Amino acid sequence: MTEPVLSTHALTKRFGALVANEAVSLDLRPGEVHALIGPNGAGKSTLVGQICGAIKPDEGRVQFLGRDVTEQSTRTRARSGLGRTFQISALAMEDSVLQNVVLGAMGAAGTVWHFLRPAMKDLTIRQKAEQALERVGLSDLASLRTGEISHGQRRRLEVAVALTLSPKAFVMDEPMAGLGAEGTRELTALLDELRQEAPILLVEHDMDVVFSLADRITVLNYGRVIATGSTAEIRSDPEVRRAYLGEES
Amino acid sequence: MKIAKLALAAGLALVAGMASAEVKVGMITTLSGGGAGLGIDVRDGFMLAVKQSGRDDIKVVIEDDQRKPDIAVQLADKMIQSEKVDVLTGIIWSNLAMAVVPSVTAQGKFYLSPNAGPSALAGKGCHDNYFNVAWQNDNLHEAAGAYANSAGYKKSFLLAPNYPAGKDALTGYKRFFEGELASEVYTELGQTDYASEIAQIRASDADSVFFFLPGGMGISFLKQYADSGVGLPVVGPAFSFDQGILQAVGAAALGVVNTSQWNKDIDNPANAAFVESFQAEYGRLPSLYASQGFDTANLLISAVESADVSDADAFRAALEAANFDSVRGDFAFGPNHHPIQTIYAREVVEENGVFTNKIIGVALENHSDAYAGECKM
Amino acid sequence: MSRESIVNAALFALLIAVPLGALATDEPFIITLATRAVILALAAVGLNIALGIGGLVSLGHAAYFGIGGYAMGILAFHAQSYTPLFEGPFVIEGTKLMPIIWLVAICGGALAAFVIGLLSLRTTGVYFIMITLAFGQMFYFFTISWPAYGGEDGLSIYVRNSFPGLNTLVPIQFYAVCFVLLCAVLWFNARLARAPFGLALNAARQVPHRVEAIGLDPVRLKLVALVISGAVTGLAGALFADLNRFVSPTMFSWQMSGELMVFIILGGTGRLFGPVAGAMLFVLLEYLLGGISDYWLAFLGALLLLVVLYGRGGLVGIFAGKARNHD
Amino acid sequence: MTTVLLVEQILNGLQFGIMLFLMAAGLTLVFGVMGLINLAHGSLYMIGAFAAAAVAAATGSFVLALAGAMAAAAMVGALVEYTVIRRLYARDHLDQVLATFALILIFSEGTRWIFGSFPLFLDIPSALAGPITLPGGIEYPRYRLVLIVIGLAIAAGLALFISRTRVGIQIRAGENDREMIAALGVDISRLYTLVFALGAALAGLAGALVGAIQSVQIGMGEPILILAFVVIVIGGIGSIRGALVGSLLVGLTDTLGGIFLPEAFKLFMEPAAATTVGSSLASMAIYILMAGVLIWRPTGLFGARA
C-alpha cells in the first residue's frame, strides 16, 4: 500500500457540549478521489476546517506529506501544497477573473511583497495563472469582473485558484453546490482529470457525483465515521443505508 | 447672518463717508460650538463701541475660528493676505493666541488681545505690535491669592485643569498667597464630574478652596460643590462667574468671591453708559468679555483718532498712550503692552431674580504682571 | 481614457490652475487655502491606502497626523530655541530643514502605525474602529497633559521651515512643495494598488479566508498597509504644522480622524482621487459656508448626510459614474 | 488615604459608572439589534439635558423635567430613526460612522440655534439637595446616592424588560437572527424604531439626571459618547450585561486612577514630576484599559461576534 498523502488520526472537536467530530480517522492516497459524505450537521465542515488549519482540534493529529501539520497554520499548509476550495465561493468579487488566479499564483510563488511593479506584468506568474484558467476552461472570461460571471463559472474559478498552488492534495468543500446538471457534468469531468495531478478529498452532497468520481467513500454521522470503503462496500453497508442513504434518497 | 449684518452695518455706515485712511480690522473669534458665548460677547462689545463712535473709517471683518488653532491661523492668513487688514483682534483662547499672534506681529500687523494673555507673549515673546487690553493670564489668579490673604485664609486647596493655563493659574495664585497649600490637584481638561476632587477637599484640612475651571467645568464644579455640603469658602477668577454662565450655576454660586478687573457696578460715566447701551442694544446684561471687547474697540478708536495706521510708529505710540475712557476706570499699558490696572474682589449676589456680581473690595491696586521684566522690546 | 481618468485630470488641472490664477491676480490667501486642501488631501490619501484598499476603518488616524505635526514642532522648536533635543552620550540637535523633518515624521508615523496596528489588528469590524479611536485619544490626552511641549497651548514656530533652494515663506513655493509631494504619493498609491501587494491587500479586505488559503497572512498585509498609511499621514501632519507654523493637540482629536474619513466619503470611496476631491470640496465649503451663517456647521452636516445617504460614489462618482474594475 | 475617603471615591466611581451605563445601554442595544454604530447618541443625551432644563424652567418640577427629557429624546430619536437611521442599517460601518457624525453637527448647531450659546440652568430638586451621613461617618451627596439607585433600578428594569416582555423577546431574537423575527411576523421596522427610541430615552434621561449637577451646554454629549463607546467595546458590543460591567469598570478606573496614579508615582519620583506623569497617565487610563481588554479579548468581555 502506498503512503497516504493526507491523513487524520482520531480528530476530535467539541463546541461546548456539542461533539462536532469524534475520533475521526481517514486518509487520502495518491491518485484517488476520496469522498466524504454525511447528512447536514454530520461534522463535515468542521473536519475540513481542521484539515486545512482554520479550526484547531481538541485531540488527534493531521498528517500531510508525511509530516505532522496539526500545529501548523492554514497558510503554512497551503504553502506546502494543500489546495482547498470553499463551500461558498471565496473570490475577490471586485477583481477580475484573471486577478483572482494571479493572486493565487503570487501566493504560491511568494512574490507578494512588491509595492511598485504591476502585478499583471509578472510574466511567470501570469503564465501560470492563465494555464490554470485554461485548465478549467475560463480563458475567455479572464478580463471579466468576478462579480459578473455566473455561479457555475465561479465554482470553476475556485478550482483554478486552488490549481495555481500546484497542490499535492485538494480539499474541496461541496464544489458542485448550486450547480445545474450541465455545470455538474463539466466540473465532474474536470475533477476526474485533476486526480492525476493530486488526490482529492471531496465533500459532496450529490450522490451521483460521489459514486461516479469516488474511489473510496467515508461516511460521517453525528461527528463519527460510520463507514469507510470502496463505493461498492458503502452502497451495501447496512448501517449507512439505515442512517443516511435511506433518509436521503 | 448676524455677523454679516453687523459687519455690513459698521462697514456701510462708514464707507459712506470720506475714506481718508481707512483702518481695516480683522476679528477672529469663537462664534460656533461650545465656547461661542465668549466670542459673541467680545464681538458684540467691540461692535457696540465701533457703532457709538460713528466713525466711518473703521471696517471690521469678522470670522469664526471654531476654537480650532489651525482654523484661526488660516483666518489670520486670509485677513492679512486677502483682506489686507491693518489690525487683528478677537481671539478668546490662549492656545489660539499662541498660534496666531507671533506670526501676525512678525508680519508687521497690530494685534489687540481682548481676552487671552499667555505668559509667553508677556515676557520673552513680547512684541511691540502686540497689545493686551484684557489682562495677563496670571493677573486674576494673583488677585485671588491676594484676596485670600486679606480674608485671612491660611491653608488653601488648589484645583485647575491639567493644561498650561491651569498651571499658570495655580502659579499665579501661589505667587501672592502667603498661607500653606493643602493640596494642588490637576483635573482633566473638559472634566464634568468633580465628585472625586470634592471628596479630597472634604478629607483635607484646608480652610479655603481656590479653583480655576473655565466654562462648563466651573458650572459643574460649583453645582456639585454646593451640593456636597463641604462649605469651605471658595475663591476663583471671574471666568466661572461671568454674567453669561452665572444663570446656569444658579444659587450654588451665591456668596462666592471672585476677582475681576471689571464689574458692571464700577462707578464711572463710561461704564454706566456702556452697561446701559449694551442692554439697550442686545437685551442682556454685559459680561466681562463684552467689556473687554468694548475697551479694545475704544482703544483702537482712540489711536485712529490721533494717528494714521499706515504710519506704524505713530500708530503704535497712539496705542501705547491708551488715551480712552476705559469702562474699568484707570487703564494704562506697562512696558510689555499689558495693562496696569486695579483688580477687584466681587461677590455673587442675586438682584431681582438675576444672579450677578457686586464689588466688595480691591484685591490688587494698579497691578502689572510678573513677566514685564523679561520683555525686551 | 475612462471617465474617471478625465475627472482625475480635471482635479489635477484645478490644483495647478487655481494657485497659478491666484498668483496672477495677487490673491495669496487662495494659495494658502489650496495648500491646506492639498495637505489635507495628502493625509486622506494616506488613510485611503488603509481604508480604500485594505478596508481598515481607522478612526485613529489623527494619531499619525499629530505625530507628524509634533515631529515638525519639536525639531523646529529646539532649532529655534538653540537647545539640544537630546543630550547624553551623543547630542541630537533640532532642525529647520524640511527633508529631515519629513523623514522623522514619516518614520514616526510608520512606527506608531506599526505598534498600534500590531495590537489593533487582533480585532475586526466595530472593535477595530473603536480600538483605533482609543489609541488616538491616548495621544490626545497625553499631549494635552504633558507640559514639555506646550500642552494644550501647543508649540508656535515663528518662521516656516526651509527647503534647500526655495523660499518656503512665499505661499506659491510652499504650495509647490506640498503639491509635488501629493503627486508623488498619488503616483505611489496608484502603483501600489496594481502591485502584487495591492492586489493581495485588496483580496484580504474582500475574502480574508481565501488569502489565507493561498498561503498569505491577511493580518500581515493589513499591518504593512497601516504602516504605509501611517507614514503618509505623518508626512501630511508635518506639512500641516508647517503651513500653520503651529502644532497643538487638536491635531490628535477624534474629530480630526473623522474629518479625514469625511474627505474620503465626500470624494468617493475606493477612488484614487477621492480624498483629493473630498479635501478640496471640504476646504471650499468651510470657506464659503463659514461666511454665511453662525450655524454653518449644521449645513455642512446636512450636506454630508445627503452625500452618505444618496451620493454613494461621492464627488468623483457623480462625475465619473460607477467604479470601474482597476486594470 | 483614609478608608472614609476611599469608600467615598468608590461610591463616586460607581455613580459615574451607572450614569455611563444609561448611555451605553442604548448604544449597545441599537448595535446589537440593528448593527448600527450611532455616534449621534451623545446628541440625544444633550437634547435630554436641554429639554429638562427648559421644562424645569417652565414648570419648576424636576419630575416633569425628567419626563420631558425622556419624551423629547425619544421623540427626536424616533424621528431620526424614521428619516435617516433606517437607511443606514444595510450600510457598512464606515457610512454609519459618517452619517451619524453629520447628525452630531446638525444637532449641536440646531440646539444652539434654539437655546442660544450660553449654558442653561438645571438644578437638583431641593428635596434631594445636600449631603447625607452614611454609616461609618461618610458624608455623601444625597442626589448622587439617588442617581446610583435610579441607575440600578433601570438596569434591573431593562433586564426584566428584555427577558420577560414580548418586545424584549423580539429584541433578543433580533440580536440572534434577523430573518427569524421577520418569519415570526414581527413588524421589524416598528421594532427598530421602538428600540432606537428606547435607547434615546435612556440617553435623554441620563442627560437630564447628570445635567442637574453639571453644565447643560452644547457639546456636552461628545465626551460622554466616547466614554460610552469605550464601555460597550469593553463589555462586548450588543451585551447589556457587558455594558453594565464595562460601565462600572470604566467609572472606577477613571475615578480611582485620577487619585491613585499620581500617589503611586510619588513613591519613586519627586512629587511635581509624579503629579505630571500620574495625571497624564490617569487621563489615558480608560483608553489603556480598553486597548488592554481588546488585545486580551478581541470582542470584549461578553461579546459574541466581531
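Just so it is clear, A, B, C and D label the chains in written order, and each chain counts residues from 1 on its own.
Quick note on the criterion: a residue touches a chain if its C-beta (ideal position, glycine included) is under 8 Å from a C-beta of that chain, and two chains touch if they have at least 3 such contacts.
In this text the structure is predicted, and so the values were computed from the model without any measurement.
Undergrad: Walk from chain B over to chain D along touching chains and report the minimum step count.
TA: The fewest steps needed to get from chain B to chain D is 1.
Undergrad: Let me spell it out: compute each chain's centre from its C-alpha atoms, then which one is farthest from chain D's centre?
TA: If we average the C-alpha coordinates per chain, A ends up farthest from chain D.
Undergrad: State, to the nearest whole Å, the distance from the C-alpha centre of chain B to the C-alpha centre of chain C.
TA: Measuring from centre to centre gives 36 Å for this pair.
Undergrad: From the mean C-alpha coordinate of chain A to that of chain C, what's the distance rounded to whole Å?
TA: 43
Undergrad: Could you give the separation in Å between the centres of chain A and chain D, each centre being the mean of its C-alpha atoms?
TA: That gives a centre separation of 49 Å.
Undergrad: Go ahead and note the Å separation of the Cα centroids belonging to chain C and chain D.
TA: 32
Undergrad: Mind pulling the chain B residues that touch 2 or more other chains?
TA: Within chain B, the residues that touch at least two other chains are 32-33, 36, 162, 186, 188.
Undergrad: Would you give the residues of chain D that are in contact with at least 2 other chains, written as numbers and ranges?
TA: Chain D, residues with two or more chain partners: 108-109, 112, 279-280, 283.
Undergrad: Which of the chains are touching one another, listed as pairs?
TA: Result for touching pairs of chains: A-C, B-C, B-D, C-D.
Undergrad: Spell out the residues on chain B that touch chain D in their complex, using ranges where they run on.
TA: Those residues of chain B that touch chain D are 32-34, 36-37, 40, 162, 184, 186-188, 190, 192-193, 195-196, 199-200, 202-203, 215-220, 223-224, 227-229, 244-245, 247-252.
Undergrad: So in the complex, which bits of chain B are touching chain C?
TA: 1-4, 31-33, 36, 63-64, 66, 68-71, 73-74, 77-78, 81-82, 94-95, 98-99, 102-103, 106, 118, 162-165, 167, 186, 188-189
Undergrad: Could you please specify the touching residues of chain D with respect to chain B in the complex?
TA: 2, 4-5, 8-9, 12-13, 15-16, 108-109, 112, 117-121, 123-124, 129-131, 139, 141, 143-144, 210, 212-220, 223-224, 255, 258-259, 275, 279-280, 282-283
Undergrad: Mind listing the chain D positions that touch chain C in their complex?
TA: For chain D paired with chain C, touching residues are 31, 37, 84, 87-88, 91, 93-95, 97-99, 101-106, 108-110, 112-113, 226, 229-230, 233, 237, 276, 279-280, 283-284, 287-288, 290-291, 294-295, 298-300, 303, 306.
Undergrad: In the complex, go through chain A and note every residue touching chain C.
TA: The contact residues of chain A facing chain C are 52, 54, 73-76, 78-79, 84, 86, 90-96, 99-100, 102-104, 106-108, 110-120, 122, 145, 161, 164-165.
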